[in-house]
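Multiple structures follow.
Each of the next two complexes has subunit A plus one more chain, namely subunit B in the first and subunit C in the second.
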Partner chain A sequence: MDSGIMKLHKVNFYYGQCRALTNISMKFVKNKVTALIGPSGCGKSTLLRLLNRMNDLISGTRVEGEILFEDKNIYAPDIDPVEIRRKIGMVFQKPNPFPKTIYNNISYGPKLTGIGTGNMDALVEQSLKQAVLWDEVKDILNKSAMNLSGGQQQRLCIARALAMKPDILLMDEPTSALDPISTAKIEELIEELKKNYTIIIVTHNMQQAARISDETAFFYIGNLVEYNKTDKIFTNPDIKQTEDYITGRFG
Partner chain B sequence: MNSLKNNSMKWRYFKQALFFGTVRLSALIIVLALGGILFYIIVNGIGAISWDFITKPPTDSMTKGGIMPAILGTIYLTIGAIAVGLPLGIASAIYLTEYAKEGRIIRFIKVGINCLAGVPSVVFGLFGLGFFVIFMKFGSSILSGSLTLGFLILPTIIGASEEALKAVPQTFREASLALGVSKWQTTYRIVLPNAMPGILTGSILGIGRAAGETAPIMFTAAAYFTAKLPGSIFDEVMALPYHIYVLATAGTNIEATRPIQFGTVLVLVAVVLGIDLFAIIIRSYMRRNKRW
Partner chain C sequence: MEEKRHTSLHYEKELQEIKNNLIYLGAVTEKAIQNAMKSLSERNSNMARKVIKDDDEIDKMDSDIEERCIRILALRQPTAIDLRFITTAIKITGHLERIGDMAVNIAEKAIQLNEEPILKPYIDLPRMADLVGEMIKDSLDSFIRNDLNMADKVRRTEQVTDDLNEQIFRELLTFMMGDSKTIHRALMIMQVSKNLERIADHTKGIADMVTYMVTGENVRHQTSIISGEEPA
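Take a look at the complex of A and B:
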């Protein structure tokens, strides 16, 4: 295993007095899909939101330990969280397009952050193609994104994140609000995207984790219980708790 | 057993009918009150309304002629109040909802804003007289009156803006911030445009109220009578609410001005309701493209 694009070193995280993550050390491998699994409230979404400093938005939170991205601690005082979020994109549980046109949803980020200085039309087309949405929307780019179906909206949100050309794509249960067909499309898309991106995905769906991920991390009550190759976790986990969860004995 | 059940059902139906009757009656009373006032004003005032009435200045010690300077003055003061109150109010609301962290200072500010909303308008008038007219040496002028009215409607605008900003889904902010867009850009490009219909609607209703206020302008801007129209923001103006007050209490021949009083009241009500109607039109127009 190589050194990893993102490393956590003894990370603790608190909501006020309440500790949500305990002593997490792990690393995420470049150009792989890592799935974070575990029962509700185990801290996997919290961990995901730590990686691009989205938890900063919640007041009364506190981080201990180090989270290294390209060997720099993203919680160091001289780091601008806005810069971090440009390089680490995020897709949310519920599709959340802006109430703007499809085109403007994609161009919004590049335009405002100044990275889209080149040909914006080309960037929009490229991003939508990467998210396998181009053929469905190429004739309605100036229509409101709110008219798209849920699955299309979610792919639009992925395209929107990709337009920023991030290094890492964080996905927080991206298919939990979608029907099976849309889910299948997104899963195919993830398969395709890992050639160019590092993907970290939180999922409640065990089969999904088994299908799409290369590495799987199992969390339980704020602890990282087991972290290994997905094949290993799903066929022969080292820890009894992991096995119990995967086989549906609890959770 | 069965009859007992029947009785209890009957009692429940009766209670329901009683409750619905009461709330319906309340709604009806409000509509009747509004209708009654409007009817009374229109019946008594419509006779005075003519093209000359709204385009000519008063003549013959205000017993004849029109009220054009007062209409114009009220328009100036209203625009001035908007220019003062809207930017300041929206900016305060953005600070309170988007930037400020909950704490003692914020709670103190919010209590302050609520207190400001409860201050009687005549106190605003006296404050305007003491601060803008005398201390800042603006004199009794459009400027002083606009500033005073602007502060009067500030709590309304802040309240409406806060509600509208809070109603913008948190997911929009998250989506924007997660793209690496800065907080200010997120506020300016995503939050504010989506809150704008709500902000404008709430604010314009407040502005409509300001247009009808007498007390804040009587010491700061309004003139009993001006021979000519104002040439700058440092001039005094006539204004509809104050003109009504003058006609009804201080005229040389109150009985003779009675039709003009009703006519002026009708014009003022039309102006205020017109402003409210404008708010409704803006809201429905801006909401057309918005769904979440």
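Take a look at the complex of A and C:
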């Protein structure tokens, strides 16, 4: 496996007394799509949120071990979580555009952090083009984002994340609320985006993981069971537990 | 290897039905070979004609199994062991259908040979046919039981049938060199032997697919290269 852009070393995570992740060591490869799969409650979304310190917002949580990004532990005391979240963007399960215009949805974050202040119009256009939404919205940039379809809203959220110039994009079931055509567009977009970004995606859709990811990690009850090339995981996994899960012999 | 059941029992049933149909198709093709050889050794052309007629049934079963596999690929999107099982099943049904065609070829030769005086008592051909029948059975048993040792046994036996085919060829060559009137009959017997040898190749193909299904490793062309054969 290539050198990792992000490395986890013996990571444990607790919600109060309850351990949600156990001794996770793995690395995410630059410019690859990594899928995190596993049954509900296995810890995959918890892990995703750990990667840009979103779990900090939940009280009573605790992290042990190291999560290295650019060779620094993102949980070190001198690290600014806001800066981490700028470099490691996130797209959620349900599209969550701001109740603002399409233009302002994109420009809001960069304005706050001082990105693209020289030419905001160009940044908005570039971000929307990267998210393959520009042609659909270029004439209605001043209309409310809430009028867009679900699929368009989700691509707007991706464009919004891209406007912050992140290195890594985290996606938590980004197509679970979308119809098949919007899903196909997002999947196509992910294929394009991996040329410039590292993408880590949580999905319950096995076929989606098989289609779009390069690497797949299977989690079960807070443990990383198997992590390998997606081709290998879906044709001939090494671990029986992985095989039982992906073939539907589980529970 | 003890498999857990699928959460979807319908899916489980669909896979099991494919397995059962393959076992049945295997038994039918094995019987077709036996009867084709019997029609030759007992000079019973009616039996040979029945083998030819019954091949339609083998073709129908092959199409049915293939359709079931395609349906599962389209509707269930199988992965891992299920994906390897389905791809193996598609290959195996193709091999069995071709074995059925070989039985027809033998039966056609039997009808022609039965019209003429017997060239020589059939000794090696029935031996080869028994061996090939056993290989069909063993290859399907290896599929049902995920048995790699049984698959290896089929691969080893295939070499024996190659040797027997060559032995039969050499013996018939001496007949042809000694008396040109025997050439037509000798060539037909050679074709029977060649068909049996091709059936053995198909059983080896089944064994190779079983190895792929169980281990995920594709050994088909490896073995062909090692033994210097033309790839199947």
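By our rule, the second predicted complex is superposed on the first by the 250 of 251 C-alpha atoms of A that agree within 3 Å, B and C clash if a C-alpha of one lies under 4 Å from a C-alpha of the other, contacts with A are read in each partner's own complex, and residues count from 1 in each chain.
The definition used in the following text is that a residue touches a chain if its C-beta (ideal position, glycine included) is under 8 Å from a C-beta of that chain, and two chains touch if they have at least 3 such contacts.
The structure displayed is predicted, hence computed values, not measured ones.
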So in the superposed three-chain picture, is A:249 touching just subunit B, just subunit C, both, or none of them (first/second/both/neither)? second
Which of subunit B and subunit C A:96 touches, first, second, both or neither: first
Is A:138 in contact with subunit B, with subunit C, with both, or with neither (first, second, both, neither)? neither
May I ask you to decide whether A:108 touches subunit B, subunit C, both, or neither, giving the answer as first, second, both or neither? first
Who wins on subunit A residues touched, subunit B or subunit C? B
In the overlaid three-chain picture, which partner chain does A:146 touch, first (subunit B) or second (subunit C), both, or neither? first
Examine A:83 and indicate which partner it touches, taking first as subunit B and second as subunit C; both and neither are also allowed. first
Considering only the defined contacts, which subunit C positions touch subunit A in the complex? 3-8, 11, 77-84, 215-216
Residues of subunit B defined as touching subunit A within the complex: 101-102, 169, 171-183, 185, 189-190, 194, 289-292
The residues of subunit A that touch subunit C in their complex are 206-207, 210, 233-237, 242-244, 246-251
Listed in rising order, the residues of subunit A that touch subunit B in the complex are 52, 54, 57, 59, 82-87, 89-90, 92, 94, 96-99, 108-109, 112-113, 144, 146, 157, 160-161, 164
